[in-house]
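Several structures are given next for inspection.
Okay, so subunit A shows up in both of these, paired with subunit B first and subunit C after.
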Partner chain A sequence: MSELTLERGLAAFRAEVDGPVAAFFSSCVHCGICAQACPFYLETGDPKYTPILKLEPLRRVWEADFTLWGKIKGLFGLNHKVTDEMLAEWEELLYDSCSMCGRCSMVCPVGNDLALMIRKSREGMVQAGHAPEGLIAASVRAIQTGSPMGLQWKTLAVQINHVQTSSGLEVPVDKEGAEYLVLLSSMEIINFPEYLEAITKIFDHAGVTWTLSTQCFEATNAGIQIGNKDIAAQLVERVVAAAEKLKVPKVISPECGHAFTAIRWEGPNLIGRPYPFKVFHIIEVLDELRAAGRIKTEGMETDRLSMHDPCNLARKSGVIQQQRNLMNLVAENFVELKEHGKFQWCCGAGGGVSSNERAEPLKMAAFKRKKAQIEEVNPERMVTMCATCRTQLEEGLEEFNMEIPVVGLTEMIAEHLVEKN
Partner chain B sequence: MAARKPTEKTLGESLRERGVSRRGFLKFCAATASMMALPPSMAPAIAAALEKAKRPSVIWLSFQECTGCTESLTRSHAPTLEDLILDVISLDYHHTLQAAAGDAAEHAREQAMAANAGEYLVIVDGSIPGPDSNPGFSTVAGHSNYAMLMETVENAAAVIAVGTCATFGGLPAANPNPTGAMSVMDLVKNKPVINVSGCPPIPMVITGVIAHYLTFGRLPELDAYNRPMAFFGQSIHDRCYRRPFYDKGLFAKTFDDEGARLGWCLYELGCKGPTTYNACATMRWNDGTSWPVEAGHPCLGCSEPKFWDAGGFYNAVSVPTSASGMNVLAAGAAGAVVGGAVAALAKKQTKTAVTHRQPVTVEELEAKL
Partner chain C sequence: MSGSMEFLLWTKGPMFNIAIAIFAIGLLVRIAEIFMLGRAKNFAEARAGEWGPGLRTMVTRTVADPGTFQRAPFNVVVGWVWHIGFLMALLLFLPHIALIESLTGLSWPALPNPVISLVTSVTLVALIATLVHRMTHPVKKRISTVEDYVVWAVVFAVVLTGWLAYYRLVNPYPLVLGMHILSAEIMLILLPFTKLTHIFTTFIARWYNGAAFGRKGVQS
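This part shows the complex of A and B:
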């Protein structure tokens, strides 16, 4: 059987060097501003976590094979080679200490998209056999069982039963021709089943037709997090097949960050063809319903609420105003974190960091940035719209003995729906 | 706006008085540093220099212009530090903004010139009917534009030409140029002239140039057209977010076709991005909200010399604008062959790299566990 080797890794790095990558590396002015944007660097103070340094393997491959100067240096044997040892050392830098939050890309004065290059570097790391065990296991489970947590439909079926009993509403399954196909994340099914109940209530209230698919219920994409397009494409194909079979015009990505960017932005490029449907984040759908007057709410939350914008949603996808519109619908004492929207700070758990147990201490270190932000405005509860962010906020706040509960925005909206007679 | 000596207050004090926090001020300094491609460690130095700088006296002259440049600067985005910096320079004379009129206004200019001889900055917007033109084409208080410009720059430290009219002649100088309009650098030869071109220019560029001058006591590095390299160093095309579509050969053919809706490259609709040097693509307009290409319109090339006469706005840049193009075509063809060969080589390299990449299977991953 073939195996993952350094040679394959180097070939994968080479395959990732394209016009943008070459332009980025040649225009880097070594200013170091990316470090100032990175919670992993700022909260540890260790210069090895400077984002551009994390890209050193890819940069070396680019220099040696794609630049004239690098080729000349190569003739004299002066190039720094990318070795197995180097990649082993960089595994921590590319996975444990990067949540691909993209803040570095935002602040780079010459416009280098560092987060994109991290994503590309991971392609090489996987092929060279230097991906973290936690992410490998999640990818294998995602392909073999359909869920990175190894969850099966029967577990979801139990949750559906609970929801149906408690709400008295039907959760539609495999309904051909519905308007929306709803995807879920395993994390939600296990930890936050309130989400499924909330959308069941909201969609019933707004008169929206929707369905789950037994063929594919999982929206998350372990292939994106580990950084392998073969795995990622297979997982996207499953969603596309399910949506095509049920002939839905729209697909909803759940309260999960990377799942949305995976299916919304990377998906069509991964499978090499356009989708026959459109993809929305649940927050986008809810805000559209609100704007159309299809969500009627009553009562307001009165306690002091603040909100965490997930990186994948706000910074990477531009969904910023929608969640604020929804907050204003049901919260009268909503206070923004100082830096929010596209310049928000990452919770520290995204980009596969939370699936990588070894990275736990770094994940908590990075969270200190968020913690400081929260302390600044001192809310009574935090609201967010990503299951990974939510888990991280809950764990982090508990770790630092801060009694601030975290709620999902969709559930909060569901609690304020005007009851039907 | 009465003439005043540069007040005793420093810039730092004036800003604080106007409610600009120290933090806000430092943020401006950091942004200025990164805009000018200076290392972040320069931000404190900029802050220290600006804090201590006395407000420079600025005389603003408007000639054959439409006031669009002033509009851009003053109405760019609701009060920001850029505006305040502009506000707290000692703007001693500005046709549009000064309260004084008639003799009092002219007197203010003369007084500022006398009080700050050798130190004041002159900002000019609009082109000037040249020395050989009828002086009556454009006058202020009975002085021809030419006479007023030459008199005012006599004792200036430097001249900043703002907008394409002042920098390259702009619309008034477009064919057939009835007023014999000339640019500032055509006329002012014995003083440093910094050109901030654009129709209108980006406001931050002006404040950036002033901040640089106050910090280092000298003018920023300039390109061949005397434009600050920090802002005019790269083409719109090289920094355009639609560039990937150009690279893939995906072009909008009309303004309402599928390509236009999908946000493809506007090259074939006449985009002058490849030949235009400006900071629109990175700094954008209206407080970073958007810029022409993002709004779906090709770049007109407004910051380049002779942009009015460079053929139609909607002709693609590769369409020859004059008939004398045989040599140009031959040179272009030779260049294309060489460029093509280089590109083909690079492409081949990437292609080989892509084909050498082996797909990863789940079994291979499992073997790693």
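This part shows the complex of A and C:
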């Protein structure tokens, strides 16, 4: 890679300014309401974590280069410049203290989509050489090995064997013409292998044809988290190539939030063309199967369960009712967190925060908002559908000595399938 | 007396034309800047259209969601009070309607003067409250710029001079009326170059927000 410089960074910031960005910055009245939607501000009380303040570098670029007034001010040397020192200081604000959960975008009275602008700002940060080490390493691993955690197919192959042995079912690999190509996340393969077994059982039960691809099994996109379109596009192209090779009409994104927004919403724009297939989150697929009567369950969970909506799935992708339909299928004592669905609170780990080791204390601080929500309804277990959220919930609850196990929704559905005769 | 009369006539004549011209051209440029930048084509398959959700967010974002209201009731209520008060005084005070009629031919019924004077008093108090909040709340203090205080001062001056003129608390009368008109003109001139632009651009911003979330199936 050629050298990363302030000039390159500024050019990347400029390339991100579009009509919405101009409308947003033109409209901000500095009311500070966005801070009231940010777990990083609310749980630290430090005003530097106010969302709109995190966008100051992008705002300065917009004002100086895209407004008449800014150009006039520039003639007199009155513009506040974006400097290397400034970006170094802002690295923590744009990465460590923002999970791009999008809650601020939902409450800004003038309608600013702040999370979108954070995503855009990160493009500039990468080119200026101000991205966190942890995310750089994850991006390099993703490009070189196909997985942000450096996981290789042989590790997955071992898991596939385990699943086949314990379930007695085949895990299809490289099956051309299957209905679904199933993607996984490395985090899931390492921390939650039960997910693969669950979908193997559910798809067998529902008579769904599916396949994994040895060419591409990773759904996550480190390029989007760090903010680099080139890396992100390359990772998306791998999925597209695998899906095209196996001629599948549908691709399933796993229990991971950002992988879904990456492949579902950003992907086609990164590669500059629509896909020849449709993309679904596993929860959407399961709910479709449920609605079609293809999932038959027996028995109900009787303990008090609550649910965490992943930001990327609910607020940022509109998958809100599906997980509730599925919960109602197998849980008789399901209680909602007070603010849920599109107004849910982030677990604190998304948007690259969990891959950025330095951000650990902030990640745990932000979790306190989720913790308070959980304490309010006092469930016996939490259910979620994102491996990053799940890991964060498990770690966070343990940190605060709360004995509340966390389960994945897909697994829970698999446990209730009616046995075939 | 004659000096103040000349001042009043200047604010109503040449200065008014200058202010309207700068306001109109400046605002046009700002809006053009936004729309000329446009948006890149979106290749991701949408769940829903953009127009409906965009138009809805343009309206619904006026009211805070219950959680935000609970976390920032002062911010929300005071913001509402002074915005409504300002708009009522601007649009429902007889002399203002007469001015609008002389410019556009449009007119509508006015509220009785005592009501407008009460509304204006409340607005002044609310504006002072926003200033105190800005200077004391850690978030607002941290994000505030010189522009925030300049804009506050100009808006406050417009309301205050209007209130002073109504009660004839400054002599001679043409002087205070001229000050009121001049401060309104300064507000118009600053509008396209400061956060006052939000009066117009907030609806564009809200539309973009509602459209972006709406196509993903979420009403923002």
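Operating definition for what follows: the second predicted complex is superposed on the first by the 420 of 421 C-alpha atoms of A that agree within 3 Å, B and C clash if a C-alpha of one lies under 4 Å from a C-alpha of the other, contacts with A are read in each partner's own complex, and residues count from 1 in each chain.
The criterion applied here is as follows: a residue touches a chain if its C-beta (ideal position, glycine included) is under 8 Å from a C-beta of that chain, and two chains touch if they have at least 3 such contacts.
This is a predicted model, so every value here is computed, not measured.
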Superposition on subunit A - do subunit B and subunit C clash or fit: clash
Subunit A residues touched - subunit C or subunit B, whichever exceeds: C
First, second, both or neither for A:Val17, with subunit B first and subunit C second: both
Partner chain(s) touched by A:Ala37 [first = subunit B, second = subunit C, both, neither]: second
Subunit B versus subunit C as contact partner of A:Glu133, first or second or both or neither: first
Partner chain in contact with A:Asn228 - subunit B first, subunit C second, else both or neither: first
Which superposed partner A:Ile190 touches (first subunit B, second subunit C, both, neither): neither
Partner chain(s) touched by A:Glu3 [first = subunit B, second = subunit C, both, neither]: first
Partner chain(s) touched by A:Met86 [first = subunit B, second = subunit C, both, neither]: neither
Partner chain in contact with A:Leu329 - subunit B first, subunit C second, else both or neither: neither
Touching partner for A:Lys316 - first (subunit B), second (subunit C), both, neither: second
From 95-103, 239-247 or 311-319, the subunit B stretch with C-alpha clashes against subunit C: 239-247
Overlap of the subunit B and subunit C footprints on subunit A, listed as residue numbers: 17-20, 23, 29, 31-33, 36, 66, 109-111
Residues of subunit A touching subunit B in the complex: 1-4, 8, 11-12, 14-15, 17-20, 23, 29, 31-33, 36, 65-66, 109-111, 126-127, 129, 131, 133, 136-137, 139-140, 143-144, 228, 230-231
Touching residues (chain side subunit B, partner subunit A) in the complex: 34-35, 37, 39-40, 238-239, 244, 247, 282, 346, 349-350, 353-354, 356-369
Subunit A contact footprint on subunit C (complex, rising order): 26, 29-30, 33-40, 42-45, 47, 57-58, 61-62, 64-65, 67-68, 71-72, 75-76, 79, 134, 137-145, 148, 192-193, 195, 197-198, 201-210, 212-213, 216-220
Residue ranges of subunit A in contact with subunit C within the complex: 17-24, 26-33, 35-37, 41-42, 45, 47-48, 50, 52-53, 66-69, 105-113, 116, 264-269, 271-275, 278, 314-320, 339, 342-343
